[in-house]
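You will see chain A twice below: alongside chain B first, and alongside chain C after that.
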Partner chain A sequence: MNPVVEVKNLNVTFKGEEGSIFAVNDVSFDLAAGETLALLGESGCGKSVTLKSLMRLHPMHKTQIEGQVLVEGQDVLKMKSKALSEMRGKTVSMVFQEPMLAFDPVFTVGDQIAESVMRHERISYKDARQRALEMLDRVRIPSAAKRLDAYPHEMSGGMRQRAMIALALACKPRVLLADEPTTALDATVQIQVLLLLKELQRELGMSMIFVTHDVGVAIEVADRTAVMYAGRIIEQGPVQAVLSKPWHPYTQGLLGATVHPGMDRNQALPAIPGAPPQLIRRIDECAFAPRCAQASSRCLSPLPSVNTLTPRWTRCIHADVSQA
Partner chain B sequence: MFAFIIRRFLFAIPIALAVAAVCFSLVHLAPGDPLTAVIPADAPAEVVIAIKEAYGMDRPLIVQFGSWIQRAVQGDLGVSVATGRPVMGDIGLALSNTLTLAFASAFIGFSGGILLGALAAFYNGTWVDKVATAVAITGVSIPHYWLGLLLVIIFSVQLDWLPSMGAGPGGSSNWRWDWAHLQHLVLPAVTMCFIPMGIVTRTVRATVSEILNSEFVVALQARGLRASRITLHVAKNAAPTVLSVMGLQFGYLLGGSILVETVFSWPGTGYLLNTAIFQRDIPLLQGIILVLAMFFVALNLLVDVLQTLMDPRIKRG
Partner chain C sequence: MSALLRVQDLKKHFPIGKDLFGRPTQVVHAVESVSFEVEKGRTLGIVGESGCGKSTTARLLMHLIEPDEGRISIRGKEFGNIGGRHPVAQLRRQMQMVFQDSYASLNPRLTIEDSIAFGPQIHGVSETLARQQARDLLDRVGLNPSVFIRRYPHELSGGQRQRVNIARALAIKPEIVILDEAVSALDKSVQAQVLNLLSDLKKEFELTYLFISHDLNVVQYISDDVMVMYLGQVVESGPVAQLYENPAHPYTRALLNSVPAQTPGQSKNYIVLEGDPPNPIAPPKGCRFHPRCQFAKAICAEKEPDTVKVSGSHKAACFKLPGSADHQTYIRLQEVSHEPRC
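Here is the complex of A and B:
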């Protein structure tokens, strides 16, 4: 079966007055129908930028995008603006990190959902409101009929994110992009929202790309994961395999810095020494080498290309792949 | 909502009273006796006292203020010292002329300012932005009486396209909506529109570019909404801020047109105020200031109410 999303050799560069930022560097992945991919990595590694490329949401005149982003066979990067706006919200839809900032503060939640539905389906305002009500019910917002006329600031954080999910799913998209949708929520609400997302994904049969820096969240929601560092995917594979036996030293370091069962409570978490590199040039060698304990002189020359079509791969040339 | 309007209206009453008190006392704080202008310098002392009694000027200030307010509320602002006519009638006529001029200026200035400001924000950093910003800065920097004189020299004296004096043909002071009167309106209205246009441009530019940079605009794009629909969202978000600035500017147009009305001999409140000052016509002076100040208070009230209606984030409690 053809994948719903195919990203091939994606490069995203932001042109600024003080030079360029090479935010995403040669990223390739694909996504099958109904599958969930977690893009895992720390702040500034390019995971959100990669996600936004699927809808071409970057500021137009400052961004240079190369490569291919195929959604249902159509190249998003080559779409005319009319086709692009028809695809946005209909085929591919997005849940943002901070729903307070992603809702228009002066329109009611119900009207914003209805507006979106009316844009993509030829139905009346009344029917669109009815759909909005169904969606709010579906994401289990209590007394949904009353919440339809609420403004975003009149809702709690968890409720707002549910409403955001209702908005994103109102047109039954094929692909849902979730940009750290639980980061702004507190822990108990987080898990409820995650479970809700999984459940709705199953019901609607959609694919999902989930951006997160939280290893625990990735294990919870994803089938596969792609770990990103300094604008590149450095390791990719089934989520259980990657996170139980990581190949890349960065993934190993990331897991080492995460709370896990059976660890000593009084012990400080080991941190990876150093800081990620500035992306002011295109980095062709291993970007992690300066922080890596296993680095050798070979790591400082340009990395060989890897076959990204295999189910599991890593960019590290030292990784003991035979362990798998 | 209705309760909010009522309450906001009640709040306006003490403000109006305070404004009236300032208007009243300003005249008495100024050097010189209000009656020096009408009494001949060599008048005998008994005559001076008699006149003072006739105008009620022998009573304590607070009592004078009380009776002035009492009559003002009933629409009686006294009798002009210079002409002997009731002040209210003259002010009413002048006010309608000033309002005509203010509406015309506001219409040109606000629509121009919104257009320029929105263009500048949408094309932030490009030459469109730079031109709009330059126009805005020039607009607020040029003294309007000087601009008025310049326009008169160009369009009345040299080109002879438009009249430069009065509100209508033959120095008529009764405004009518016909072509002959409209011609008289053009130059003063254009002269006055530049300051509000500049200020509205700057406000719209700042507000709209801030909104365009906020995440929800990206989120609206991510929903696939059409550009016209996104513009509507941006406009509704910008409206409360822009509206409050426009309200203030309209107030300034009403009160600040003294110089422009004088340059164009426009028979409005500014022109009348100028006359009243030179003739030391105290009742007329007080009346005009009071009426203009009340307009300002009413305008602020209106803007507040509109703002609350438009922005759900403002608590109505």
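Here is the complex of A and C:
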């Protein structure tokens, strides 16, 4: 079966007054129907930029995008603006990290969901409002009928996040891009929303790319995971395998730094020393080398390309890949 | 030791909806009789259902909104822009807040450096010094100053923006810092760095934190005391170890149980809370948790449970607790059989 999403050698560069920022480098992955990929990685490594590329949401004049982004066989990067706006929200839909970016502060939440439905389906305002109500109900917004007429700022952070999930799912998309959709939710609502997303996914045969910092959440929702560092995917594979036996030293460091229940409160947390590199040039060597305990001189010359079509791979040349 | 921050019977209702005459038709019971104290140098973790009033409580403490009822004092001083109180501007030097929505709280037209250096300059620090401190702080939150000072908020990732907010709050050198989901947007390694930084600063400057978060593992690590809120009220509070090891309120138990397992292959059996999520417009009578509580009996739907001692300073509000005045009545009642409702 053909994958629903195929990203091939994606590069995203922002042009600014102070030079370029190479935010995404040579990123390739694909996604089958009904499959969920969890994107993990350092803050600022290009997860949101990658997701936004799938809907071409970057500021046009200062962004340079190269590569291919195929959604159901169509290259999003080559779409005309009409095809693009039909695709957005209908074929591919996104839950943003910042709920304020998705909602317009001057319209009510209900009208914004209804408006999005009417843009893609020929239905009346009344029916669209009805759909909005159903969706708010499904994401468990208390007294949904009343909240239909609430403005975004009148909702708590978590409620706004659920309203955004309702907005994203209102047109039953084929692919849902979820950028940390449950970070703002408490644990009881988070688990409800995760189970709900899984249920809707089965129902709609929807594929998901799920950005999260929470290893527990990745384990709960994803089939596969890709770990990003400094604009590249540095490790990819089945979620269980990668998270129980990470190959890349960055993934190992990331999991090691995670706060676990019952940690010694008097000890500093084992954060990875140093900081990620500036993305002001295209980095072809291992970007993690300056912080890596296993680094050798070979890590500092351009790394060989890896076969991204194998089920599990890493971009570390010293990784012990014998233990799967 | 006397408390640095004391909050008594705080209440805030938000009117919503309008009738023909523009009068509100309903009110959201956002915060209802919330009381607590924090001693200097301690960290109070605040957890609870989304929408239960954590951010509203924080905004009340900062006087960004005014309470309907209740008192807030720092070292016995009350603030407010009304007669007899200390001006709110003075409060801002003692208490700062990092907001949940990192984007909404930065001025989009100011560079990162200007944003951080702005506050101290208002409070009389020279521009040169304020800029120097801004750079030092950026460095300490793990953002290379030479890369970031001239950027604008929209040119940063979510986690980078949140660290700018932390730097900005600390720039004023406040005594109390309210951190509303301040580290949730960060990856776990940067989060570890920022948590280490918060611990170091706390020791260095004897800071006091109010740490609002949905990450129960992080709350356990960082807090000395924890307060659990449900639908505008405090349902349980106490020292972190006691509360996590021996949660007394049924809501706290469900909450702690819902945390996904961190180990692959160990899928958990979650106690998914039954029933509708709470409605802050018409909160249930009696114990606000009773429609979803597996231990609820008739009395829970009629009377509000009193807050009683579990042990030491660990307190909770539930009739199941032996200390509750109505505990004997509760024990004698029949269980209400619960039909699964979702």
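Here, the second predicted complex is superposed on the first by the 305 of 324 C-alpha atoms of A that agree within 3 Å, B and C clash if a C-alpha of one lies under 4 Å from a C-alpha of the other, contacts with A are read in each partner's own complex, and residues count from 1 in each chain.
Assume a contact is a pair of C-beta atoms (placed from the backbone, for glycine too) under 8 Å apart; a residue touches a chain by one contact, two chains touch by 3 or more.
Treat the numbers as computed from the prediction; the structure is a model and nothing was measured.
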Contacts of A:G231 with chain B and chain C, given as first, second, both or neither: neither
First, second, both or neither for A:P181, with chain B first and chain C second: neither
Per-residue contact with chain A, leading partner among chain C and chain B: C
Contacts of A:M55 with chain B and chain C, given as first, second, both or neither: first
Chain B versus chain C as contact partner of A:P142, first or second or both or neither: second
Chain B versus chain C as contact partner of A:D104, first or second or both or neither: first
First (chain B), second (chain C), both or neither touched by A:R88: first
Residues of chain A that lie at the interface with chain B and also at the interface with chain C: 98, 101
In the complex, chain A residues that touch chain B: 55, 57, 85-90, 93-94, 96, 98, 101-108, 115-116, 119-120, 151, 153, 167
Chain A residues touching chain C - in the complex, by the definition given at the top: 14, 16, 18, 40-45, 48, 97-101, 140-143, 146, 149-150, 154-159, 161, 180, 183-192, 194-195, 213-217, 219-220, 239-240, 243-244, 253-255, 257-261, 263, 265, 268-272, 275, 278, 280
Chain A-facing residues of chain C, complex: 14, 16-17, 26, 47-52, 55, 100-104, 142-144, 147, 150, 155-160, 181, 184-193, 195-196, 199, 214-218, 220-222, 244, 254-256, 258-265, 267, 270, 272-273, 276-282
In the complex, chain B residues that touch chain A: 214-216, 218-226, 229, 233, 236-237, 310-313
